[in-house]
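For clarity, chains are labelled A, B, C and D in written order, and residue numbers in each chain start from 1.
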């Protein structure tokens, strides 16, 4: 089937992820939405790689996964420490600094 | 797309397995990065094996030596002509070794070095339980105010991890402006972002704010990099490659062999334009340009001040470096598409930064907004799209980073019971209390304001000149207006320090160790020298103004 | 010999410098030094005069070039002097009368602890006045012109602790400045027309330019003259100027300074001759002032103000004469000189009277003083006879000539001017008689002064009486001396030129008419004041009287229009400057601040809203790039 | 290469500034003497410059030229013409008096340092700072009179704002009209206003400076002039006009020209008298000087194009300033508005584009500097005695302090440009120069001389004459130090009033050059007078 459809799917996923970032409160969920966006990108990479018939895209996808993993490590560390000190993972509670 | 291509894919995919030749890496030209990263790894081992008591010394020493060595390496490379005649693409096309790269790497390394000094400063806070303490949490993992934290403090723990983290960040920053394909670009971006997120979280005082800053920075940063990544994906989709050279050739249509797939995607400009827009947006986020600037004030305020200084300086340098390379090497063919957008961004950034700063009440937030305004000024230089533009931006970045680090270093000195006294009202009459510190800070403020005889003026002039010659006269006018507005709040601080009566319960000025003194001293020295006799450095930047492709 | 000219100015100038800079040390000798230097310059003047008489009328013009003052591209102003018969006349008058008044002041100011400074100012005045009449170009004349203005400012306000004095001084200076404006504009006009403003070149090349230009210059010069010589409409300061010590009034505001205007007009004769319109205006101004002053003089009870009015009126005569052109120049100057004598004399007399009467100035509180101060009475009397033009005395000759000249102007103009002059003569006779009677005749109407001291009138010391006597002699004989054989005419003619005009009526008739007027004037005055009791408190009087007491409402006009109007203008301007000019700037600053405050609100601390802005930004940028391509 | 005399004139005070600032906190008097010494030394060097300068020689003399920032096309180029020499002399002459007059203005107990309590009184050294800043300003002003490189000029034109700003904001009369606290706020308001006005002007000029470089490719006056002459550089009319406006705006703010003047009254009102003199007599002159040196030379066509508007603005300044001076209740603000009026004359003279006008304008700069200094400093002495700037608080001073009153009067007479005092010469030249080309303007301007008399005499009458007010009693007469300040100034005023020849001869050639720059000839008189 036509790989372009994968692109549409990628876009869809990306948008879903972005929307999630914008509307969800829980830091963990927000983070997951970001992961979703990254994976959307992966999908796009693979699809393009398929279209162009070279491997760069696929390689890129692997790197993205690694990066995503690293982000998880760092991200969770931060979010958890925040959660522990505030007993809430809501990003809206974390608004000491403003104006 | 029809089935034959699938087979062809398989075949093409199957074929070359037999002959993969080992990549050839020019270790010498990559030495700066390698040294720093290596030192960082070493730092991790130190964390693992060296006893707590001595870690601080080992780590600090290691970091300083590594940065110094890396800087030496950069100088060596530059002296070896790699900046000009021998400029070339290294590491299988992943890394460019050329003038801008080396200049920026040098700047980043120096900035990093002086920031490390402030990282290592432990004279500012009073000793707790007989232990000297720096500005980082005893144990970042422990809950603020919890027993475990108290215990950690009692035991005299310190977060010595900051040094390797900083080194990793610097390592990433070194690669960022040198990255010569989108993959390296992205990896470098993450490599220097992730440690920064962590560094933001480990302040000793005001830990809640620190953590909040980290969360904000992290979430927004990740969000932004997701966009970048998607942009990269689209560019890849358009050009069928991630290497700058190829993409560029495809973009300006100078590509030689066009297979049907490429022809197909090349036809679709949307891919290209959206891809470009998203990648650029990711970089604009890093430089803190409006409307992607909103993380800056909060993060700058919450992060430990030494980290803030480091971020404000080094991140900007790296990010602008990458932006320049992207726009000048990959997308010159699209000049007529991205210039108008950048125009708008630059104007909005200059004005918004300057205007919002007027009503700030916290010195760190104030500096954050000023950094936004400055990002706008630098963008004006970027838009020039001429060698002059490049060199002016390089010069501006060098000048600006030292002023920034110096300014934040001064901020660390002004303290009261709650740690740093960053609220402006506390700064009233500082000029009476300790004229020297106030004078130094005034020098930095004047440099920010771009008063002649300071590096700020030279930089601003260079950038505006380049912009004007690049036909962006209107931008210069806006820049002038916004610097007038900006001048207002810098002056406000000076008024506060010198002309208003000090409060009885005002903050005290801590006497720092030679470390911070060096930082501030270097800051002042660079500010004055680049103000009075910028010629040498302009030459440097001028020679470094050409990208290799 | 010519090099002495500079000394004329230098001597008093030196005096001024020494007296004003040298501290209290000089208090005891200051007045003597000042007088000495004044006398010195008189002596020099006499020397030069005799030397001049020795020469033939043609080469009686001395000149001395000191140094080039303002050398600028296309602009040459020198410090150079020119001494011809006209200047000579003035020099003698100024230094002569000046010296006398110095002497007089020694006695008059005896009890003033700031006497040294007074003499310093007097010397300063002499220097400036001499510079004025000796200058060989209009710019240097301007220097003297303003110099005398300064001196008169300082001297009128000499008793600065009296607010009235300070105000009067300021007023005098300001009104004069208005005149000076005229002079400077005139000089600028000359410069643009002739490329120079030295007397010689300008007056010689009058022929080469349009009458319009000359009229303009003439009118501007007239404006200057009006200021300095207290002619309508700039006369208002002279009355108040009487706040100054009496010697000042005598020297500056009677004998010399106020006549500078006449000098200016006569000196610029060539210009006026070529600009009949300007001349006409001059005559009109003269005529009007002549009556104006006279009327004011009738109503004043303050002896000095009465005399001031008369001064105004007499100068009106001179200006009138000067306006007549060559017919009148000589007589203008002649009347100026004789007036210098008798008016100075009268003022000194008045001063002497006040000296004896605890500085009382209200004539209604005098009376019967002739017994108590005989010398003053006699000298004052002679002056009186002179001014009303009693046959044989100075005023008779000079004034008579002017009236003749006025008629000789010819045409209706001549008739009008002539009759005005006659009328003036009558009024002069009236008010001077009034002064005379109220002061020296009738009953004592003395009142105790503020401190309650009864006045004990007594003759003044010789240092005061001698000058009075000398001046009296002058006022008796000068006129005759000048007129016999037209001495004065021949003396001045080379400079001013002369023209007999064509008198519609013979000189004899004019003289007769004058006499008649004189008798009428004196008569009425005697009927009014000599025969009946003079009330100590002034009666309300007719409308005209009351107006005249208030200088014919001219001050009220100034006050309402200029002072009040000016105050309103400045006040509103201050407001404008603060709210409008400054407001605009502050407004912009404020609005930027407000904008900042509003934008700041966007930074609300919520990650998600930041994310929104990023997302929106991304969307916008993408859209923009695509659109950029689309259009 | 010969001894860099011009650099020396600028460096000397700069060194002095550093030295003075370095004096330990306790040795206040030493600092004062040191500053005075350096200012006098500068005066000597300036005198040497004046002597070495040969009016009949080249346009720019004693030139120095060194590479500085090639990338910006900037060279360190100095050189003086007659106008420059005159103004350098003025500056060097005034500074010692300013220092002497401000002898006690910055003694700590006067600037409220004791309110700091114990902790920093040791390190806080206002006195050193005060005099160091004054010298610093002198250095920067002098070098901007010498710069023949636009960029070099611009740098110091801007940089001098900073020390001035600290001088205004840091040291004022203690008691303003409304007491200590209010005075402090007023002061910093004035300082900020001063800085912002001039900074905005400067920044707009910066844009123009960059524009000039883009157009001309050089900053050197001489090079640009040559390029123009050889025709290798011809600016488009509109570019030239825009650039001109950019430059002129900055200078007009500095000068200050209506309606950009409002910072001056605040600044002069709040600053101490010596600083006020520094502002109006020295720093502001850079603005008018620059109009003459840069606007006319670089953009002759645009200058001519803008002349009508500028003349009108100048006229407004003259009349408006004078009228507002009449309306002031504060002595210093009165002088400030008077200065605005005078700057109107200067600018009018410059743009009348006649030899007389421009020579007059130059002389005016010098004379106004000296006369205002005399008037303002005496006013300052008076104010320092009573601590009040309000005219209403004085009266009858001449009775208790005759010398003070006398000198004040002379200063006032100079301000109303009485003949015999220096300002008359310049004012008359300006008027004539303007009149020859623009009669109407000239005539309206002459109203200024009447108004000048009005505000001066009103001021003198209200403060000095009349019965002695209780508040005035016991005001001491001028002290020796104060006489040492005033008497020489008055001496100079009289000398230059009677014998301005040295000055005019210095200036004339320079003016000739400027006239040829703008290709204007003096209007010929209608009739060539008989024997001229």
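What we mean here is this: contacts are C-beta pairs under 8 Å (C-beta built on N, C-alpha and C of every residue); 3 or more make two chains touch, one makes a residue touch a chain.
Worth saying up front: this structure is predicted, and the values here are computed from it rather than measured.
J.: Taking the mean of each chain's Cα atoms, which chain ends up nearest the overall Cα mean?
T.: Minimum centroid-to-centroid distance belongs to D.
J.: For chain B and chain D, what's the span in angstrom between their mean Cα positions?
T.: The answer is 45 Å.
J.: Starting from the mean Cα coordinates of chain A and chain D, work out the distance between those two points in Å.
T.: 65
J.: Just how far, in Å, is the C-alpha centre of chain C from the one of chain B?
T.: Each chain reduced to its C-alpha mean, chain B and chain C end up 81 Å apart.
J.: Between chain A and chain C, what distance separates the C-alpha centroids? Give it in angstrom.
T.: Taking the average C-alpha coordinate of chain A and of chain C, the gap between them is 97 Å.
J.: For chain D, what residues touch not just one other chain but two or more?
T.: 196
J.: Listing for chain B: what residues touch at least two other chains?
T.: Those would be 215-216, 219, 223, 227, 297-298, 488.
J.: Give me the residues of chain C that touch two or more other chains.
T.: Chain C, residues with two or more chain partners: 589, 600, 603, 605, 607, 611.
J.: Determine which chains touch and list them pairwise.
T.: By the stated definition, chains touch in these pairs: A-B, A-C, B-C, B-D, C-D.
J.: For the complex, give me every residue of chain C touching chain D.
T.: Spelled out, the residues of chain C in touch with chain D are 20, 67-76, 79, 139, 142-143, 145-147, 150, 153, 157, 160-161, 163, 165-167, 170, 173-174, 177-178, 180-181, 184-185, 187-189, 191-196, 200-202, 204-205, 208-209, 213, 566, 569-571, 573-574, 577, 581-582, 585, 589.
J.: Taking the touch rule as given, give the residues of chain A at its contact with chain C in the complex, in rising order.
T.: The contact residues of chain A facing chain C are 18, 21-23, 25, 30, 91-92, 94-99.
J.: Which of the residues in chain C end up touching chain B in this complex?
T.: Residues 589, 592-593, 595-597, 599-600, 602-603, 605, 607, 609-611, 613-614, 616-618, 620-622, 624-626, 628-629 of chain C touch chain B in their complex.
J.: Under the stated contact criterion, what part of chain A meets chain B in this complex?
T.: Result: residues 2-4, 7, 10, 14, 17-18, 21, 27, 30-31, 34, 37-38, 40-41, 44-45, 47-57, 59-60, 63-64, 67, 70-71, 74-75, 77-79, 81-82, 84-86, 91, 94-98 of chain A touch chain B.
J.: Contact residues on chain B for chain A in the complex?
T.: Result: residues 1, 5, 8-9, 12-13, 140-141, 143-144, 182-183, 186-187, 190, 194, 197-198, 201, 207-209, 211-216, 218-219, 222-223, 226-227, 229-230, 232-234, 236-237, 240-242, 259, 261-262, 264-265, 297-298, 301-302 of chain B touch chain A.
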